[in-house]
Amino acid sequence: MGRSVINEAIVAFRAHTPSRRLAGGAPESHFRRVPSRSFPAISRDLVAIGRRFYARGWVQGTSGNFSEVVSRKPLRLAITASSVHKGQMRSTHILQMNEAANASGAGKQVPSAEARLHLEIVRRRGAGAVLHTHSIWGTILSGSVPHRDVVTIDGFEMLKGLSGVRTHEHAELIPIVENDQDMSRLADVVGETLDRNPSAHAFLLRRHGLYTWGDTLADAERHVEILEFLFETIGRSATFRPMGGEE
Amino acid sequence: MGRSVINEAIVAFRAHTPSRRLAGGAPESHFRRVPSRSFPAISRDLVAIGRRFYARGWVQGTSGNFSEVVSRKPLRLAITASSVHKGQMRSTHILQMNEAANASGAGKQVPSAEARLHLEIVRRRGAGAVLHTHSIWGTILSGSVPHRDVVTIDGFEMLKGLSGVRTHEHAELIPIVENDQDMSRLADVVGETLDRNPSAHAFLLRRHGLYTWGDTLADAERHVEILEFLFETIGRSATFRPMGGEE
Amino acid sequence: MGRSVINEAIVAFRAHTPSRRLAGGAPESHFRRVPSRSFPAISRDLVAIGRRFYARGWVQGTSGNFSEVVSRKPLRLAITASSVHKGQMRSTHILQMNEAANASGAGKQVPSAEARLHLEIVRRRGAGAVLHTHSIWGTILSGSVPHRDVVTIDGFEMLKGLSGVRTHEHAELIPIVENDQDMSRLADVVGETLDRNPSAHAFLLRRHGLYTWGDTLADAERHVEILEFLFETIGRSATFRPMGGEE
Amino acid sequence: MGRSVINEAIVAFRAHTPSRRLAGGAPESHFRRVPSRSFPAISRDLVAIGRRFYARGWVQGTSGNFSEVVSRKPLRLAITASSVHKGQMRSTHILQMNEAANASGAGKQVPSAEARLHLEIVRRRGAGAVLHTHSIWGTILSGSVPHRDVVTIDGFEMLKGLSGVRTHEHAELIPIVENDQDMSRLADVVGETLDRNPSAHAFLLRRHGLYTWGDTLADAERHVEILEFLFETIGRSATFRPMGGEE
């Protein structure tokens, strides 16, 4: 039966089968063969995504950050610079970063402050791209019920936009992680959360925003659009009282 | 008296006069004489509609699909390819499909997974174009009351945007069909629903989205805009409590 | 004290001082001296307004219609053609119409079906331009309380965008007129409503939309933006419950 | 604990430490060294901000006004002209104004009617740019509870977009000032409010709009986007009832 609830019978952390990833790394065999792309092409697409997300109101102020894997060995990511307005970027705002979150040749610019979270996701999930947005509905849902640690969404056709999901009769669990200014500590919690929820396509940082990823940048963007659509649908449904008195 | 309700006295399927269409085909006389258009012109317009609908938030992720009849004998449809972002299409993403939903010369691309629904609508209604969108309010209304199988809208001037409707004192019934991943089974149910509701301009798939059509692509687009406007109006009205204490 | 209410103590039609206009015409002295503009310039601006209003969602489907006075003696209006998508117009969709709502040289196109209402407003108010929109919030407010015949808005700084209003401590009364498909009858009722409400800058047609006007097209557009902003503010406020329990 | 409330325990004006600014002027040492920009560059950016804010619905009608400091000694501001549609400006609509709010060489145009408020903010805060918007949610929050004189927002990551804020565990107090058509009197009240709230990044005029500022125009724009995001989040949260019955 299709219904959407926010964390009804799933208050405690779900017990999942042990992670099939080695702590700290993802098996090479997990990486879908995705052709590597040139840095200029990646930069152009990250800049374009910024414009599209800005038009939606998902990266206001200097919020949000995006990355794409340039190479795996050594690990190099293209990532948005810190403190840049993501709706007004140019290619010069996309930096190349190593596995220690350091970017060389970036002048005064530094990688996104949340670069460590991108690295955690790339390593644990073998993601090819990571996108982080701050939307109104994502922010509301992530904080509306204190201590709830997951948003559960099921029954919607839109769920089929998430990689590997083939039916609307799918229950997507989106863990909520407590926000933290200590990025090292937060990266650890994010890593543990990813390991405990191997099927999750995304997680929310409480009163902060959405993190999602994909094998390709296009997959990651599709995930953002699908999840933001579902957050808004659930959010608006929560205050919807259909005529006729029934709920 | 103008009022909008969601399924007051119409819980059961309405008994309509028997369909005037032969099962599996529409009488030739039903087709309004619409000049045929070239495939490049059709492709350009389907791509443009994708951009407009994306700007409205009606085709997020890779949701939505659009078609237009290229020829009737033999039956050929121009239809959007599967798994393409409808807001970022190019002409190469529009395929030509036959009455068995097969597209030749499409390279690796395949027609929309819901192609059979488009064919069902074209045959049963003699439609010239079919449009399918996933909107927030359409999704909410289609699923807000379990087991309700119709949305009834009456009293709004905007209803005159639906073909054949000349007054706001018109009751538009929009059937809700249960979502189903078995496309063959779903196409049959859609066909029966269309036959039982010969006056309907559209139907909703529960927690999925809107299907509407028209003699021309412009008519179909107008129907989408009118219905999405009305869904949002009804949806927002359901939570509206005017000042003064009255409800 | 600034507050916004919908029809508190004003259920019955307000008794206003007798209209200072002669029935059927406006004194020449009422017309502010506005330089006449060329028809091509007027057409370009009406087309541009259509695009801006469409981006706002105020003219979906083929709803809405706009006009500007080309000359007063004889009376000639530039007006949008009927059944055209107002967000996709070209100059050829702007027709020139006389005082009997007839357009010559328009080919198959005819003036907006609501042309008579534009003429009524031009005559009674000496308006230089008339704009009609269909917005979600205008539609909701015009129909949320049956038999209420006015929306009263006061206390907002935005009211100063209405011609002649110099302070937020102003009460704007927006009459609600019952919708009617008999355009001749509706034009009479609109005329009487305008005469009874000489200070009104606009009126609503129930579950239909907003009519407003101005000395110039820019004034009329500003009025639309101000009123739509206020409709949305009031509409959303009606369901707003601030934290802390107080209302 | 992160939560957002509107004026829980802070009904009365907060007693702050005495202002560290001399009444009527800001110590030179307060001004961050910001390179001066040419007037044409400033004009271009103010025009561009108008377009972006208009797209968001934050400057409808002719509402809103923007300024940037051109020079400090003598004090000269670039400011938007009065009664201009901020979404349709050209460089000719940006005037240069002195410390008495007079603009020379502006033809028939005069500076924004609220120029004195911009001067007050520049003097008291040493701001490099001042932005004023009229948004739906800002208007609602500023007037939803009569006599409340502050909006308090805490617990959101987005707060880090405000200059000097390094953690989501920050409580931002946004004073609400009563609207007033007497600009001289209002400027005095605004000045006192700024002095009493030396940490505030912004204030609201009741049922009018938001004033915020920054060392640079980019900072001020970022503040507008952050605050409007938070107003909408709080506004929508106030009517949000999560499933499961808890409130």
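Things worth noting here:
Each chain carries a letter (A, B, C and D) given by its place in the written order, and its residues are counted from 1.
Here is the rule we go by: a residue touches a chain if its C-beta (ideal position, glycine included) is under 8 Å from a C-beta of that chain, and two chains touch if they have at least 3 such contacts.
Every value quoted in this text rests on a predicted model; they were computed, and no experiment measured them.
Look at the contact of subunit C with subunit D and you find different residues on each copy: under half of the numbers used there are shared.
The best fit of Cα atoms from subunit A onto subunit D calls for a rotation angle of 90°, in steps of 5. A straight line joining the Cα centres of subunit B and subunit C is 32 Å long. Chain centres here are Cα averages; for subunit B and subunit D they lie 46 Å apart. Chain contacts: subunit B has residues 239 touching two or more partner chains. Chain contacts in this assembly form a single closed ring in which each chain touches exactly two others. Taken in their complex, subunit C has these residues touching subunit D: 1-2, 56, 155-158, 161, 166-169, 218, 222, 225-226, 228-229, 232-233, 236-237, 239-244, 246.
Here subunit B touches subunit A in the complex through residues 4-8, 57, 60-63, 85, 134, 136-137, 139-140, 143-146, 179, 181, 205-209, 235, 238-239, going by the rule given at the top.
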